[in-house]
Amino acid sequence: MGSIRACVVGATGYAGIEACRLVLAHPALELTMATDRKQAGERLDAVYPQMAGACDLALSLPEPDAIAAAADVAFLAVPHTASLDLTPALLERGVTVIDLSADYRLRDPKTYEAWYNTPHTSPELLSQTVYGLPELNRAGLARLAERRAAGEAVLVACPGCYPTATALAAAPALSAGVAVGDLVISDCVSGVSGAGRGATARTHYCHANESVEAYGVGSHRHTPEIEQTLTDVAGRAMSVVFTPHLAPLTRGLLATVYLEAAPDATADDVRAAYERAYADEPLVTLLPAGSMPATSSVAATARAQVGVALDDRRRRTIVASCAIDNLGKGAAAQAVQCANVVLGLPETEGLLAPAPLV
Amino acid sequence: MGSIRACVVGATGYAGIEACRLVLAHPALELTMATDRKQAGERLDAVYPQMAGACDLALSLPEPDAIAAAADVAFLAVPHTASLDLTPALLERGVTVIDLSADYRLRDPKTYEAWYNTPHTSPELLSQTVYGLPELNRAGLARLAERRAAGEAVLVACPGCYPTATALAAAPALSAGVAVGDLVISDCVSGVSGAGRGATARTHYCHANESVEAYGVGSHRHTPEIEQTLTDVAGRAMSVVFTPHLAPLTRGLLATVYLEAAPDATADDVRAAYERAYADEPLVTLLPAGSMPATSSVAATARAQVGVALDDRRRRTIVASCAIDNLGKGAAAQAVQCANVVLGLPETEGLLAPAPLV
Amino acid sequence: MGSIRACVVGATGYAGIEACRLVLAHPALELTMATDRKQAGERLDAVYPQMAGACDLALSLPEPDAIAAAADVAFLAVPHTASLDLTPALLERGVTVIDLSADYRLRDPKTYEAWYNTPHTSPELLSQTVYGLPELNRAGLARLAERRAAGEAVLVACPGCYPTATALAAAPALSAGVAVGDLVISDCVSGVSGAGRGATARTHYCHANESVEAYGVGSHRHTPEIEQTLTDVAGRAMSVVFTPHLAPLTRGLLATVYLEAAPDATADDVRAAYERAYADEPLVTLLPAGSMPATSSVAATARAQVGVALDDRRRRTIVASCAIDNLGKGAAAQAVQCANVVLGLPETEGLLAPAPLV
Amino acid sequence: MGSIRACVVGATGYAGIEACRLVLAHPALELTMATDRKQAGERLDAVYPQMAGACDLALSLPEPDAIAAAADVAFLAVPHTASLDLTPALLERGVTVIDLSADYRLRDPKTYEAWYNTPHTSPELLSQTVYGLPELNRAGLARLAERRAAGEAVLVACPGCYPTATALAAAPALSAGVAVGDLVISDCVSGVSGAGRGATARTHYCHANESVEAYGVGSHRHTPEIEQTLTDVAGRAMSVVFTPHLAPLTRGLLATVYLEAAPDATADDVRAAYERAYADEPLVTLLPAGSMPATSSVAATARAQVGVALDDRRRRTIVASCAIDNLGKGAAAQAVQCANVVLGLPETEGLLAPAPLV
């Protein structure tokens, strides 16, 4: 259909197959290549039967030359360090990279190295990379679009799922000054697809079903990414206390955040801050006062829904909740949103369909 | 986007909201009206928050004049008898009707009256109606397209979910003659959305979750519809013993059918019959020998997947299994597929996206 | 089996049927009566087929005289105000009351009236009532046991599910002084049975399935109960910011609480506080450092599991998580635990079976 | 508690941990040993946190001498061939064996070898083994009890889950003669725990959730076991066409069977056959006419529920549905039921508690 050729690297992971699905349905993109190191040679629809009739590609190895021959843009749905290996080679070959991994999200390579326990092998790229959260960083993406229009291959570092939802929940309060202090508590619940496609004791149906549990308390690698974004938004050093939970659903992510309300901020002030932030956002909906979002409302989409309340009984606290799809706005659909901007397409192209009932 | 205006009548039921979703994403259709008797006046996205940002329509009353003013085609996602009330008036006013209800599915009004306990008030329409299962009845739909092109408003009676899946599982064996006898056993499992949007003891999460149960044994109203279709295909009077079950999933329907194999039919013969039937079908996939379909592979799509095996140990029996989405190929997506044909659009327009991971 | 006769009032609600199940399996209790206003006359196993073969009682009306004739102890699994109607009459007639409703939980009737919007009609009973959270209040229950042994009918007000889990997660930190300040943030996730047996839009399978959402932010009626308990434990006025969420599981409740760590409290100090609190508790397990509890581990039991961590990166915060079953330790099983103490039985009688795999 | 010492071999599999749970709650049995080859040395509650507080055993290696020293009876919850390795050694050492594996279920070792692709190494034991389906074979178990009372170690081969449910659904019609012919179609749905504890692509939450699929059509190893039992009951050679399905629930198994009704059998005759069969069975409930069983009604129990209907429209067919818990009546609870008989205990000891709401 489309005329911009796209390759999905890591197509058999959950974010990868979602990226394939979105590219296949996108009017201006064409899926010309899908790679997987371990299953190269197999047809994609043999691995994911839902692709039968929709895609007849066989999986390839992620070789830079082959990708550059086949695609204008590459979506990297790979684990950390795999992007470090591949991104410089793709940029050199003129392929624009939309990176879903963590490798280029943190501006300070020392922070990366501390949290990921591995050296950053291309820190020189970090200054040219844009963090792909369009609602907070549209100008940065627009600059990439200009550079790309001028013939340069560019790199977008797409946010993690928890940082996306936490940022969308907390940012309006911080940027408008209705929240004070330097602490955001982010209590999050994710669907099991967030734990990846690996078959482990934790992802076994009989373990995950009918159960909720916290994990990675105080140690999850999304922590510094959340702090980087909240610090940018607040204009002061922010800390997060972040607790992810797993719940028995395939897709969906809810972040409920707690911030100290400014002494003089009224409920109306708080609400006004969120209304200003999201009034013109095509993919973020602020729910009416009294409503909080459900993850099912944004399943399989690039959309986010946000609700906010001020608990002003004694210790005045802003409670805001943001629902996204961890594979959608939290990964592949946000990657397509970023790609749209960078490629000079309408930002929401291919992303406006509402969520199906799930 | 599109230029053909569509109204969804009964937009707040599960099939209705799915029809809205599909029309909104369809490049050649435009959702101009959505109706609901009880919630008229409310915005659709107040009832279904997933519509926020995607649809700003308010619900209307299903008045024929208003529908005729707003729409070229009406999707009727209504309970039986509601279509009897509305369809003649819409046809008179030049609105093509894609009826998802049971009211015009059975050619013999006496059968309708016997199973639905209500008189059929417009039996004269039955002879002009086409049963909308394109894989079995594409020629009939094409005739409607011609009549419509000539200026006539036409009526499609879309099949029920169980009849669709049973027919797609059993038809190749019957039409090719590799099955004999006059009995098909159809053992089906449906997701809970099949029980409708009404909040009842049976649809309560804590009843439906973690449980499987049969219901309506020997009395389900889809029985005569299944027999009508199987009889058409086989060219002889066929009976069905039909057992629907509920399982804890929102969407999805699996029909596993059992037919007596012809004495001389080999496994290869059986397989060849299914390959012939579905080789060129854009929305039906025959899985490789040894594979059986999963409902998740077709979630939220117009697609069907079919697997077939011959159990030739002693009592030689063809076992075929068909997976559809009860709200998709079993209701709204098949309705759009039929509408596409009747409206002169490509049959699969707006229907080719693969299923998301669910 | 048993010799102490028990009546479950409100037997068809989810807490009620769980109470019936526990009484039926209890070696020292006998289920002699089960009541329901609306379904009186029906057999319990007609309403709940899982009772078939285990209980042949028919449901009765909750008449005080009849209850007093049939039972020594009554479990009141009723909505608020229904206990106000019944409890005084039962106590007068010599029936010990284990009240699962909210009616006698709050010591200050004005707080009750403010949050429940209804007058408290028997405030004189509040001073003699004991709040039935044995881990925090075992002495109070023991005093009731003495009074009962002396011939008096006594009243236990069993805690709500969210207050139970929040208290078990937060109390050790507060009572040991490793947490400071007056604020506890309690972010909770509950299974759908917590929303009750009523068939509503919210409890419909297709709404609750595959979704997580917050509700009742800043307004949930468990708020003052949580604050009463935390204030008792801390010895200073405590506030809670409390956000309940619904997740797609039938049973289970997880409370994750956040408290400001004392400036000099080390991770070892925090852990020691929890070890001291729960070392000898038969029904509460403190998980090893680094582990957090899963609700499935305590499904259908009176047990709780607790995990605790100190996030000491910048803003030093104690994060503790407590898993219970909302119908078990959060309702009926805790009621049986209280009844055991009050009736002079071993506290864990009938309550020691581990959770089944769910 | 109890005085008969029990060892569970293979305690970390799903049937094994369920056996542990039941033994722990059993008033006459004591869990003295639990084994696992791979995790020997670890505490059971480290592997299954729900055992915390209920069991402080560490896992052992399954050495016959150690088992004989620790236990009077051994429950073997092991894969096929593992029982062949262990059972003869245990019997020699005087340990009564309740075998949950397939190794001694089939009377003809050639059938075993054909379906399990492995030689049967102790066929001499088959003639002394009793197939442990008490409702069909109580006399056989009673004979074992006598032999054991006389000092002999005995062997029970417990049925598989699908054979149990199929037999309980079909047997009354066959033994009473209201069904004719030699074919039973058994269409079954199982929870995911039936696929075992191994973490595979198929048992991944995101594969199993929201999906139903058939598997093993025509080739499942329970096929000859079903035929052996139905042949015993009918007194003539019976065939089964058997289709197992996986559905998104942890526990539960539903068998819906189809049999040709005898020409003169009325609906009353059919019903009477089932009433006679189950009127006095303590663990099997025949539901009222018009009702079909739900798997949730028997979750985590030794119970079965059965419903039956006669579809007498044209091709007169008996449709019967039996719900069990695949880990309960389909495995561990039935094993305890058999052990009770063989050990001279009341058959239902420790097995009468009703199912919790799941």
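As written, the chains take the letters A, B, C and D, and residue 1 is the first residue of each chain.
As a convention for this text, contacts are C-beta pairs under 8 Å (C-beta built on N, C-alpha and C of every residue); 3 or more make two chains touch, one makes a residue touch a chain.
Fair warning: this is a prediction, and the values are worked out from it, not measured in the lab.
Each chain's centre was taken as the mean of its CA atoms, and the one lying most distant from subunit C is B. By number of C-beta pairs in contact, A-B leads when A-D and A-B are compared. Averaging C-alpha coordinates per chain places the centre of subunit A 39 Å away from that of subunit C. Remark: subunit A and subunit D have CA centroids separated by 47 Å (rounded to whole angstrom).
Note: centroid distance subunit A to subunit B, computed from Cα atoms, is 36 Å. Touching two or more other chains at once are residues 14, 193, 206-207, 209-210, 248-251, 293-294, 296-297, 299, 357-358 of subunit D. Remark: subunit D residues 14, 17-18, 21, 24-25, 27, 49-55, 193, 210, 250-251, 282-283, 285, 287, 291, 293-294, 296-301, 303, 305, 327, 352-358 touch subunit C in the complex. Across the complex, subunit D is touched by residues 14, 192-193, 197, 199-201, 203-210, 248-250, 358 of subunit A. Within the complex, the subunit A residues that touch subunit C are 182-183, 185, 187, 189, 191, 206-207, 209-215, 217-218, 223, 239, 241, 243, 245, 247-252, 254, 256, 258, 292-297, 299, 307, 309-311, 313-315, 317, 319, 321, 323, 357-358.
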